[in-house]
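Structures follow.
The following pair of complexes shares a single chain, chain A, combined with chain B in the former and chain C in the latter.
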Partner chain A sequence: MFVQFVEGPLWYFSATVFVIGVAVRLLFALRMGTATPLSKPRGSASQGAIRAVFSRFVPRREFRPRMRLEVIAGYAFHLGLFALLFFAAPHIEFYKDYIFGFAWPAMPRWAFIVVSEIAFAGLLVLWLRRMLHPVSRKLSDAGDHIGSILVFMVMLTGCLALDQSHESLRVLHFFLAELLLIYFPFSSLMHTFTFVFSRGYLGASFARHGVKA
Partner chain B sequence: MNIDMNVMQGFMEKVQQMGQMDVPSKLSDVERVDTARRVKLEKMDAQLAVDLDACVHCGLCAEACHFYLSTKDPKYTPIRKLDLMKRLYRRERSSNRWLYRLYTKDITIEDLQEWEELVYDSCTVCQRCSLICPMGIHIASGVAIMRSAMRAADLMPVEVRLVGQEQGEQGTLFGLGSEQFVQAIEELRKTGLEIPLDEPEADILVLSSVMDVMLFRDTLVSTIKIMNHVGARWTFSSQGYESANFGYMTGDEAWQCAASKRVYDAALACGAKTVIVAECGHSYPALRWDGAELLGKPLPFDVLAPSEFLGREIQAGRLKVKPIGKQKKLTFHDACKHARVGGVVEGPRIVMDALGVDFRETEFHGIENLCCGGGAGNFLINRGMPLRQKAFELKMEQFDATGADAVVVSCDSCMMNFMGGAMMHQYEKPFESLVALVGENLATQR
Partner chain C sequence: MMASLKITRHIVRQYGILLLPVLLLFTSASMAAVSEQTGGSAVPNPGTDLWRAVREGPTPNVGTSQVQSVGSTTLIAESGEKWRTLRRQYMIPWGGWLLAGMLGLIVVFHLVRKAPERFDESSEQWIQRFPGYDRILHWFMAGTFIFLALTGLVLLLGRFLLLPVFGPEAFGAIASACKEGHNLFGPLFMLALVLFLLRFASRNWFTRGDLSWFARGGGMFSGKHPSAGFFNAGEKLLFWSLAFAGAVLCVSGLILLFPQFGQSRELMQTLMLLHALAALGIVAFTFGHIYLATIGVPGSLNAMNTGRVDADWARAHHDRWHRECEEQGLIEKQQS
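Let's look at the complex of A and B:
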């Protein structure tokens, strides 16, 4: 009964909340618009926007010593999660059956294990830093911790379910992933999409002033 | 830099007295909160919305802020300064407001009172935090909105408000009006200087500043000498002479617009195609970037910072300087409002190169510079002095590390803050104005 609920109505509900929630949240923010600048630009805003979206993947040289841990942990977690999400064999099978109707090559089992460990290490370091560093501890709210816990639990159950030896683990993983999808549009996990716009607006603003940032 | 210490003392005393001159707001607490909310909601746009949605609370912005770096106090974390904005956005504008309202507290008068220090005393709107933010959040633009809201709600440091109000409503600054400016020009004319004033036609309108007239006369004299040297058809205007725009710093658009309008009208009156602001950091973005937006039309003239003009004239061969030589070791402090906010970085380096000095960059320079700690009007806030001094310690370390004999500055606010810091710390490295340095080393023939 629970399995049918998780694989049926709850999946459709969570996927719908995710897609519509993300789209509506972005739409509400973007429809507020920005004023058209009247001052004479020193550089191209559109080029600055595009440059900032990509250049921000690498921190500026002068700040690197101050953010080494965060950058390494951040990349470990995000790249690891991306690889698990899109190149783990069970996920590709799921996408084929439930969403796209076609498959693509999966990473081998050993790679899955290595990538999982990297992603876990990254997530744990970031989470520990959030709790221990005086600045991020002061800034963080319950939503940040709920997001971290949910992602951790989804990853953990996913690893445990890898061998598919226990159906209950796979269902639990699926259920937690659905909770994450429902939670996503209401949380700071939205940065997955909003970072493109925030970087773009900043890059455009700086570039108009002739500043490469 | 030669300054009259009696005048400097008088200026400092005047600023200190302002701190005692506050009058209670006519607004009730409820009205203050409502006003602040209204202004914030009016100014909230898509950029701010995606910024608030993109923040992951990593706190890396603190690592770029001179106030956090010098105190290690997490309350100065830049993005935290937008917390009230975020709460309002979540409750009123977000698509999820039906949910967020259940657990997001509304803004109270106590919140606003607490945030007054955060958006004025401990933020110079220098934008350095935006260089480090992995999400590319423009924190300073949010702080500028916060300042507008706080100003409308009568919640801002009295010194900044009084100066902004004086300029916005009376057109004078520290008592310096058109009459006093003309008097100063007349005094300088008696020394033999040829000074065009209120010329009916000119290519360039040159602005001055209350600081240059009252305190930094060397800079004013050098400005005149340089303009005459390059052979420009230029003029001062008795109706639009002031570069400083305290409306920009207070967040009061009406005051800011009034100050910009005086310059705009003066430039139009003489048909100037270029306006050169004084060595007054914020005056550059206030006119160059905000002027057109506030006046609602593109400016029919170019706006140049002094260092930008000097660099351009040297490159064009119209400005010739006497090489000082490598025995003079100099470093340069980039004003945030020129470099990071204004995009003016090359000009001062061209000048240093032409002067042939032993030029030494600080560890962070150009758009990455560390703020002086007194920008955006902060140098006027009496209660903010201890915090500014902590930030000044960072600058001292950087200046000392260069081994330079003197620090060249092209911003009056930075200069004032450095001079105040030097007095407090008995720091002996001299600070020199870039314009004065050029003016004192002009080649005898072009």
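Let's look at the complex of A and C:
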């Protein structure tokens, strides 16, 4: 009963909430637009936007020594999660059956294990830093912690179901992933998509005003 | 929010020790279950005579096989039965008693000791004890350790403790999940352990003063704190126990995790026992560490949560380190 519910109605509901929720939030962000600039432009806004989107992938030199751990953990987690999401064999099978109708090459099992370890290490370090750094702790709200815990639980149940010998473990993973999809558009996890817009907006604004940052 | 935090702290301080007898009962129940279940089945196996003849036949009972792996030509590995008996009849019950005994000791100790000294948390002076990196490293290792301990105990005791409660199907899923999780988090613990040892080894070498710390039992019964530096002798003992047991756990764990390198069955069996023994030992030790870091020595947990400690706490528990900080002007005033 629960299996049918998770694989049927709940899946369609969570996927719908995710797609519509993300689309609506992006649409609202774009419709906010920018204030009409009155001053004479001192640089190309579009070039500034593109430069900011890419240059922010590396921290500024002044901050590098004190941000080393966060940067390494951040890349470990995000790249690891991306690889797990799109190149793990069970996920590709899922995308083929439920969404796209076609498959692509998957990473081998040993690579899956290595990538999982890297992603877990990154996520744990990032979450610990959020909890232990006095400023990060104060800046974080319940939503941030719920997001971290949900992502962790989805990753954990996915790895626990790796043996693929028990249907219950796979369903538990699927169920938690659906909860994450529902929660996603209403949370700070939206930075997955909005980081491009926020960086671009800031970069364009700076470039237009002649700020080199 | 602050009020609820205070109430929670109060409950943990006042009643946290009550959790220990519950855990004690839980562990004891597992051992009772082990003793009950080691009797074996009463249904006679019609193939018993045949297989006994094979096992007791000309030694070694080896044949030929197209499978090219270690032990593939052995029809009955007799060492497996010895290993099974050793594990089921000795290691699991004794391991359970070890953990229960440790919990019992902590309860008794908590009841007979003098009430621990408390320090005003809103004191005006404090000292930075652990920077952010040290705290992240500690909690990273603690988190992976607790996960490994729980999943490992399920794999060790689950058959006797959880199977009767959850039934074969649910327990099968739990055990499979624990095995995968244990294998996955093992290398993370290994990484954390290596970084942790590298980071803290220089502060944990034993010195002459540590002998008198041991001789006075760390001041636990007298209430007078023996002299100590940044780490006291008890903390150093925990550190080196963790280093030794951790090395055994990591090496044996790696050999067990990658069986494709031609390890013999006997080596794997021995390492499995060694792995479990080292784990039980360090888990028992960790019970003491958790007790002392929380309700046993009030104020200690602040060092790993906020990174700083009350200056009076430092003077009482780590007087030599406090003196060094004083000389170097590292004692800071609380900002209002």
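A few notes on this one:
Please note the rule applied: the second predicted complex is superposed on the first by the 212 of 213 C-alpha atoms of A that agree within 3 Å, B and C clash if a C-alpha of one lies under 4 Å from a C-alpha of the other, contacts with A are read in each partner's own complex, and residues count from 1 in each chain.
We take it that a contact is a pair of C-beta atoms (placed from the backbone, for glycine too) under 8 Å apart; a residue touches a chain by one contact, two chains touch by 3 or more.
These numbers were taken from a predicted model, which means no experiment stands behind them.
When both complexes are superposed on chain A, chain B and chain C sit side by side without a clash.
Taking Cα centres throughout, chain A sits at the apex of an angle toward chain B and chain C that amounts to 110 degrees, reported as a multiple of 10.
Once chain A of one complex is fitted onto chain A of the other, the partner contacts of A:F120 are limited to chain C, with no touch recorded for chain B.
Greater residue coverage of chain A by touch, when chain B is weighed against chain C, goes to B. In the superposed model, A:A35 makes contact with chain B only, not with chain C.
Once chain A of one complex is fitted onto chain A of the other, the partner contacts of A:G210 are limited to chain B, with no touch recorded for chain C. Applying the stated contact rule after C-alpha superposition, one finds that A:D163 touches chain C and leaves chain B untouched. Once the two complexes are laid over each other on the shared chain, residue contacts for A:L132 go to chain C alone; chain B is not touched. The superposed arrangement places chain B and chain C with a least CA-CA distance of 9 Å. In the superposition on chain A, the residues of chain A touched by chain B in one structure and by chain C in the other are 133-134. Of all residues in chain B, only 44-47, 49-51, 53-60, 62-64, 68, 72, 74-75, 77, 79-80, 93-96, 99, 130-138, 141, 285, 288-293, 296-299, 302, 339-344, 363-364, 367-368 touch chain A in the complex they form.
Contacts from chain A toward chain B in the complex involve residues 21, 24-25, 27-35, 37-40, 42-43, 52-53, 56, 59-60, 62-63, 66-67, 70, 74, 130, 133-141, 144, 185-186, 188, 190-191, 194-195, 197-203, 205-206, 209-213. The touching residues of chain A, when paired with chain C in their complex, are 69, 113, 116-117, 120-121, 124-125, 128-129, 131-134, 156, 159-163, 165-166, 168-169.
Of all residues in chain C, those touching chain A in their complex are 132-133, 135-136, 139-140, 143-144, 170, 172-173, 176-181, 184-185, 187-188, 191, 305-307.
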